[in-house]
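Before anything else, here is the set of structures, which you'll find just below.
Next come two complexes built around subunit A: one with subunit B, the other with subunit C.
For the complex of A and B:
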């Protein structure tokens, strides 16, 4: 039965059909599939499936990314409330858009994916000053700072990632906190993340989940 | 001094090389302007040239990331990454001759063949011969005359007491339009359109603003590029019509905020800070005498840069509103000026709600492999015969197609969705096949990829979301709209039914008037040139206008996502 649920859910997600995806999940729960199985055997593998199809064909578009992440986040949130015991979180990330940048969508997609991958997320909002990224990461014991920037000047600028790196260095936090950046300018120029001093970047929210999980492991080690 | 030999469409030229300069810079100085959207950062991949002989620096990491190993081996390089020190020869046409026209996949009975097969050697998806801006590729002939049907209607009364001539200028991010008038008889003598040479520094306004902020030297180059372009257009008309520019007593200029700030050379840095995006930016030049001298107009000439509304909403939108008389009657009206940064105005009978929305240059052909602006050579209309499935197309100017402009792209999307080939979410039905549409027309071979469609979806979503948001703020149902004005080069050819079908324009009542404004910002500027009290006219429009900032609007985001889908706008949202 789980097989059918997985197939039906994957198809709905690929078709960006939110209503159908939610219906598949609700029917499954009604028929006795456990909330744990829904998250770990249906939702997470679907995200991974998406990663695979993206890396093979560079072919998923914004509508799909968005729907995958929102549906996944929605289902996960709903199921978590019904979990018998709280699941173990992988780690913690604080995320926001760079100072001067109000483009909030990329961040939102990434957050959706992270939530369903059991990564704790603190959303710092948009137009976040570099000091705030660092202060919040410290206050919340986060292993990773995520910075989203959709415009060339906020991605490259002095008050974005470059300054966050500088602050981490000054405060001796570089071993404890990693930086990941994302957004159109970084997809455009694959080397840019290094130029601005980030540890990693990811082209889409789904890949971001995997890369961030990797960064968290690195810090925890 | 080492020499660069350029073969451009079969014509050879020699240019001396200044060591240290990139090939792109060298070519630019010699008036060979390669396409670019990244301003020479090595990331857009559009400045490809073919090195035919000579040694240069090895390909950079940016080049290996963007050029296939086969093409690299063939000598294809990014001009912005090559810094030649020795004699070198290049060809601006990257595709080998024999690639043109030979295609085993042409389906003769169809004008456009749909092929979802990946063809590795066509991965670039750039139109043949379209690598160089045709209208910018030589010192002469930058400027094309505006055809009679390209002017939007304008109401003016002659000014018998004015100095003999006046000029109206609309500085767009992509194109500049200039017209010259006989003020005393109220007759338009000539008009010109040409590409904004600032494109060299980047296709969108932000890349240009950021480039200007980099150094005072850059800011000067960017400022002078636009100033000189206007001067050339004036010169060109003066020569063609035997005018003495010294008799030009007035120049009125409209444009978006970024263009005006860059032109005046003042305050453009402010636009990089969102704190200023709801304010009005002062774009008046403080060196008017220098402008008069550069343009050769009367020493006493009035040079009036019409000030922008607020934020990025410029005076080009005010000019649109004036030209279309948008807010002069009780009839509710929607105006969209399509561009990289589209501007929208909604008149509800009491207030003009205005917003700008940066969807990117997709509808102007930017960032789309087979795209081009609505200029001669562009396919502007595509229709599919329902019975036979065959496609028909029309090209601006009627010649061999060079690319597809925005309205043609809208038609293609609508056709593909109607036939079921493409789904509402922007995916080809046969997604497993790599998802690319091959378009074969005569000898021209183009591809439309899923990435291209994604860019069009985003551009469409940004415009649709802002339109819907303003309608909601005004509490207006689209069926209540009496008029819809579509402005900009793209609007001129737009098929309204197709635009509604993919959700770019709202569904409106059958008897709603749809007006294709064309170059209405220029027309509004012309009306301002003849206004006896310009400030009063502007005040009456600006006084009714309220700017809504989409960047801080929380509903916008939901609307944007919903609008990514290629389907008619939903109401209520």
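For the complex of A and C:
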């Protein structure tokens, strides 16, 4: 029966049909599927399925990324409130857009996915100075800093990732905190993340979830 | 002497010329050209015109721009705050639309040409027209009604309204943005723009699924363009890919030029467009920052090999990032001039 739920939910998400996706979930809960199973056996596998198809060069478009993450976050939030005991949190990330950059959609998509993957997120907003990324990461015990930048000058600029890296180095935090970047310039130049001193980048918000989970594991080891 | 306009006209008609037309979109570089901070540079249309003319003269490509920065369109609709950088384009820092009520209140100026925020653009266009009018392609940048809301409320909130509704509010905003688009393109044309780049990220299936492209994007683009016509209009998805929709756009809108994404396969795009319109092959100019001169040359040659057979081809850039070394700009252009020579007549 769970199989049918997964298929129906996936199809609705793929069609960017929020109403239908929510109905599938609510019907399942009404029929006795536990909130835990909804999250761990439907929502997360659906995200993983999407990651898999993207990596197999199926072209998901931005609207699908957006809706996948929005619906997943919405369902997870609703289900979490009904969990019998609080789930184990995988790790913590602070995320924002680079200084001078006000493009917030990429960040939002990434955040939605992370929520349903049980990764705690602190949203630092837009136009974030490098010091704030580091200070907040330390204050919240985050394993990862996420920086979104949609323009070349904010992706490559000295007050973006480059300075965050510099601060981590100076404060001896490089083993404890990893940096992930994303946004258009990194998609047009696949090596750019290395140039600016990041540990990783992800081409889309859904894949970002998996990469970030990997970075968290690395730090926790 | 053959001018940029001659080359463009020849390419559009599939006629012989000395070489393919080459569009090089240097925008913020104008400030460097005049040795000025960007904010000062953009405060006066004379600066922009002077730098556009100087850079074109120095590099020899075939177009000049009346675009200051895309955020100007938000200023025409009431945006009061931009954020300036020292080495990149200014960005909208204050969104005109913060609530749905702001959408109801949004007013489109009747006459864009009379708007205070358009006066420096007009000044710039006047100079460009008197200096190179009819000789070099004078370009204008006009954002499609479906993408303009991103400038007014942020891409984040726009995507939410677009995908999740309420549809009535979405449609009200689209209606106003389409009205603005038609008035803006008219103002640009009246002021002497030859080429109007019609920018629409939502005209790409990188952004919306094919179903929404058919149901929403195509009819909305028709609404934008039908009343004002497609003269001089270039289809451009902001750098996003378009090969997957070319057939439908040509069929439904009949636009005469397609400015591909660097991520589109040029020969595939050319094959689809064929003789029906001008194919513009576009270099991944973000890579120009780090490539060696040899890598630049190789890439330009690869692109021309893919796009030139059969004629009706233009070589172009996106919005060139500020930090591209000048030697790479030269390497790109010289290769395009050299290998773009001897344009064959289009075979019908």
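Quick note on the criterion: the second predicted complex is superposed on the first by the 220 of 221 C-alpha atoms of A that agree within 3 Å, B and C clash if a C-alpha of one lies under 4 Å from a C-alpha of the other, contacts with A are read in each partner's own complex, and residues count from 1 in each chain.
Here, contacts are C-beta pairs under 8 Å (C-beta built on N, C-alpha and C of every residue); 3 or more make two chains touch, one makes a residue touch a chain.
Only a predicted model underlies this, so the values are computations on that prediction, with no experimental measurement involved.
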(request) Assess the superposed three-chain arrangement around subunit A: do subunit B and subunit C clash, or do they fit? (result) clash
(request) Would you check which partner chain A:18 touches, where first means subunit B only, second means subunit C only, and both and neither mean what they say? (result) second
(request) Tell me which partner A:195 touches in the superposition: subunit B (first), subunit C (second), both or neither. (result) second
(message) After superposing on chain A, which of these stretches of subunit B ends up overlapping subunit C: 40-48, 58-66, 112-120 or 238-246?
(response) 40-48
(message) Going by the contact definition given at the top, which residues of subunit A touch subunit B in one complex and subunit C in the other?
(response) 15-16, 59, 61-64, 66-67, 100-102, 104-105, 108, 127, 151-153, 156, 188-189, 191
(request) Can you check the complex and tell me which residues of subunit C touch subunit A? (result) 83, 85, 87-89, 91-93, 154-156, 159-160, 162-164, 205-209, 211-212, 239, 262-263, 284, 286-287, 289-290, 321-323
(request) Mind listing the subunit A positions that touch subunit B in their complex? (result) 15-16, 57-59, 61-64, 66-67, 100-102, 104-105, 108, 127, 151-153, 156, 188-191
(request) Over in the complex, which subunit B residues touch subunit A? Could you list them? (result) 38, 41-44, 61-62, 65, 206-207, 209-210, 213, 272-274, 423, 425-427, 431, 434-435, 450-451, 453-454, 457-458, 551-552, 557, 560-561, 564-565
(message) Considering only the defined contacts, which subunit A positions touch subunit C in the complex?
(response) 15-16, 18, 59, 61-64, 66-67, 70, 100-105, 108, 127, 151-154, 156-157, 184-185, 188-189, 191-192, 195
